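Labels run A, B and C following the written order; every chain starts at residue 1.
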Amino acid sequence: MDTDIQVSPGAMFTETALDRQKRRIEIVVRIFLLVVTSLMIIPLLLIIGYLLYKALPVLSFEFLFTNPKDNMRAGGIWAPFLGTIYLVVVSLLVSAPIGVFAAVYLNEYARENWFTRITNLAVVNLAGVPSIVHALFGVGAFVLFARLGESILAASLTLAIMTLPVIIASTTEALKAVPMSFREACWNLGATRWQTIRRIVIPNSISGILTGVILQVSRAAGETAPIMFTGAVFYKAIAEGDLFAYNIMEQCMALSLHLFTISTQVPDVTEGIPYATAIMLVGSVLLINAVSIALRVYLRTRKKW
Amino acid sequence: MLKMDHARYIIICILVVLVCGFAIIGYSPTDSESAASKQSAQIIKNKGSDTMVNLAQAWAEIYTGLTNTASVEVSGGGSGTGVAALINGTVDIANCSRQIKPKELELATQNTGKTPQEFIVGYDALAVYVHHDTPLDKITITELAEIYGEDGNITKWSDLGVAHENCPSNKIIRISRQSNSGTYFYFREALLGKTQDFKLGSLDLHGSKDVVEVIGRTPCAIGYSGMGYATSEVKMLEVATAPGERYYAPNLKNVLAKTYPIARPLYMYSLGEPTGEAKAYLDWILSPAGQKIVEKLGFVPLANK
Amino acid sequence: MNILRKKSAANVPFSETVIETLIRLCGVSSIIFVFGIFFFVFREGAGFLFNGLDLGEFLTSPEWYPTSLNNKRYGTLALILGTFSVTTLAMCIAVPFGLGAAIFISEFCSPKLRETFKIIIELLAAIPSVVWGFIGLTLMNQLIIAVFNAPIGLTMLNGGILLALMSVPIIVSIAEDALKAVPDSYREAAEALGATRWQVTYRVLLPAAKNGLLAAVLLGAARSIGETMAVLMATGHSVNIPSSPLSWIRTLTATIAAELGEVARGGEHYQVLFIIGILLFTITFVVNLIADLVIKGIRQQ
């Protein structure tokens, strides 16, 4: 389809003024749209470039593995970084199974009726609920009602619910991509529905499901508002290098909140540190996303059907 | 093999149900309380005033380095949050940049059976900041009340008798804090007493540092923040209570002599007489070693006895 | 996908029944969570909502004095206008860019370039909102001061640009889906009549996909309304009826984020913040619902 646009239909005949005008408009439109689209690359590059430029003086491995020091004016990001990992992992443990099962239900079990429509609508709406409302929900449901207090668990549960739609959406995509004939073949061999799902549908879509799970991780790692009031603290000293330094019933620092506090509340922070924290946050999130994209592209090339 | 897989899925499912169960049913109150008291042997929970959060963090950081029997968990959120947590019995030490209200004291005693004990741990002077280019060195509380107060008439720099060349609009940009921060409460009371409100339309920034940074970039701005937050971009004004009175600069000497008009004590409250690790921590804060940190952070240490 | 096969109860092992129940439970979890969110947010705010809050004042007064000592006023008009003005501004920037990019990617692009652009847009979507806020606070702040000679860079414009950048990816991906959903036979028919690619797009595709495009814009707007950290850090956070893109404003979301941390639990102010949460939930719910209905409209055609 892309090749034949070059050949204006008018080329068969002599070019009229109208044809010329049409062609000119076409060129202008193309250039305009190309520019508009390309303009979106600029902020991405600009932001990463700017942050990196400002962050370079302090970026190092040591930055990642030392705690914030000297009244958070110096040092690194170990405690918040580890906290973010805790939050992400715990939220993943909750949202991945629920999300995958929910998608399995929507795709394999649900019939096309009003109830399924409402369920789908609920998924869409859950994705649309503002993050700060999730925070309020986290406070109301987990911190107060469930008496979890402000803790890693409460914050992670809030994050899990918030990121659930990401997993549901991409898992549904992945399940849909498995051809119906696969299932039919399996059923004809006498397998039950669950056996079919477990033996045929999930193995054939596992990489697509993984993509969604990875996206959830990236989403959860970057969120600030939902954890501000449910479990993240301003400061907490933990042992450097100890991966099990946090207890999930206690609070933790988090990279995103750390960036917020050092950029608005802590005076005299060493120039590069907020930028380095930002680049670590963006870097890890983009890296996780890149993995997910790479996985998806790789899968498409080796698709069996 | 098939059995194993089955088992694995079932275990995952059970885990999910358990976690959800936690969230939905919640702990019984007695459970969480006993859990909290078990932890307090190790962790000192410290929460409250945003003004003091950097100070509290510095204490926590250094103290955690000195001892290996205790770890201090610091959260900000504001004096109100600290007191609320004290009333709920969920912190060991509450930071407060205002004195606890009699009603709160009573509530805390009622709720927890212990009377909060008050410790003055230092003083904070609120400095009035302007951009360093502003041709103004002194201001009176009366003028500040006219600038910030609901019925105030001063809106232009020329109203203060200042020809501000770097501020072509001549408009005073008021920088304030979010309306429930301790700093806001204190500044409002110092200016207007307990009857009047501030004018709307000020920039209510989120952190003490944010205030100073924004003023440093904004020639038209005036704002208030702890005197420890000063940078080279901003200027602290000398303050007098009324026209004709003597002006005092915000510095250690004037605060200790109680001549600088906008200074206040900083409090820490423990539930009942502090014991164990919390007592050791408070003793250390009040010792010369702890007070040195107060001075280092730009607050005013307690006078030597 | 609708499964028509009936399961025979006889050969289904017990473990399978358990797992199927679990799957069904997870399947409806989204409904439970959406109701749960509404319920718990409502539960915290209900007391004051029904008993004490003057709803008229709440929605129409610009006087936001939650901490006044003797005359507390909870008017959110300035905050509502703040949210809507910054969203409108963001949409004014994001819609041309988003739709333009969607059209380009879906109609004018070689497949390779299309993949590249889609990846870039996906990465743009992944940048956390606190990082956008940080950019607003540092880079954009200085830029706006320099370019517009404004006294302060933390303005509606600053927030609007950030929100535009954050909602463009959503607009692009949904709009592109909508364009893709137009059957190729439409394109082929128009091209056979001698239309250029732009004429096909403008005369055939855009009208055919207009519902989907509208949904894209709505969902982009919903994202902007709900955004918190970026607007908290970049818009100046000032209770102000907005008058120009360079005025500093405060949004509903930022108000909750800034004030929830310091309110006494259960107090009026605390409950009002939850009521604002209900308001936000309702607004985004309605917008999402409309978008969904609009999309459903396409499917039925």
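Keep in mind that, in the parts below, a contact is a pair of C-beta atoms (placed from the backbone, for glycine too) under 8 Å apart; a residue touches a chain by one contact, two chains touch by 3 or more.
Predicted, not measured: the structure shown is a model, and the values here were computed from it.
More C-beta pairs touch across the A-C interface than across any other pair of chains. Put simply, the chain farthest from chain A by mean CA position is B. Centres computed as Cα averages put chain B at a distance of 33 Å from chain C.
The geometric centre of chain A is 34 Å away from that of chain B, both derived from CA atoms.
Computed from the mean C-alpha positions, the centre of chain A lies at a distance of 16 Å from the centre of chain C. For chain B, the set of residues touching two or more other chains reads 9, 13, 16, 50, 76, 205-206.
Across the assembly, chain A contributes residues 97-98, 141, 145, 264 that each touch 2 or more other chains. Residues of chain C in contact with at least two other chains: 19, 22, 26, 233, 261, 265. Residues of chain C that touch chain B in their complex: 15, 18-19, 22, 26, 62-71, 78, 141-142, 145, 151-154, 232-233, 236-240, 248, 250, 258-259, 261-265, 269.
For chain B in complex with chain C, the touching residues are 6, 9-10, 13, 16-17, 50, 76-81, 83-84, 88, 167, 169, 171, 173, 178-181, 184-185, 194-195, 197, 200-206, 214, 217-221.
Across the complex, chain A is touched by residues 1-3, 5, 7, 11-13, 16, 19-20, 22-31, 33-34, 36-37, 40-41, 43-44, 96-97, 100-101, 103-105, 108, 110-111, 115, 117, 119-124, 126-131, 133-135, 137-139, 165, 168, 184, 187, 191, 194, 196-199, 219, 222-223, 225-229, 233, 253, 256-257, 260-261, 265, 273-274, 277, 280-281, 284-285, 287-289, 291-292 of chain C. Within the complex formed with chain B, the chain A residues making contact are 68-72, 93-94, 97-98, 141-142, 145-150, 153, 157, 198, 233-238, 249-251, 261, 264-268. Those residues of chain A that touch chain C in the shared complex are 1-2, 4-5, 8-10, 22-23, 25-26, 29-30, 32-34, 36-37, 39-41, 43-44, 47, 50-51, 97-99, 101-102, 104-112, 118-119, 121-126, 128-137, 139-141, 144-145, 161, 164-165, 168, 175-176, 180, 183, 187, 190, 192-195, 218-219, 221-225, 228-229, 256-257, 259-260, 263-264, 274, 278, 281-282, 285-286, 289-290, 293, 297.
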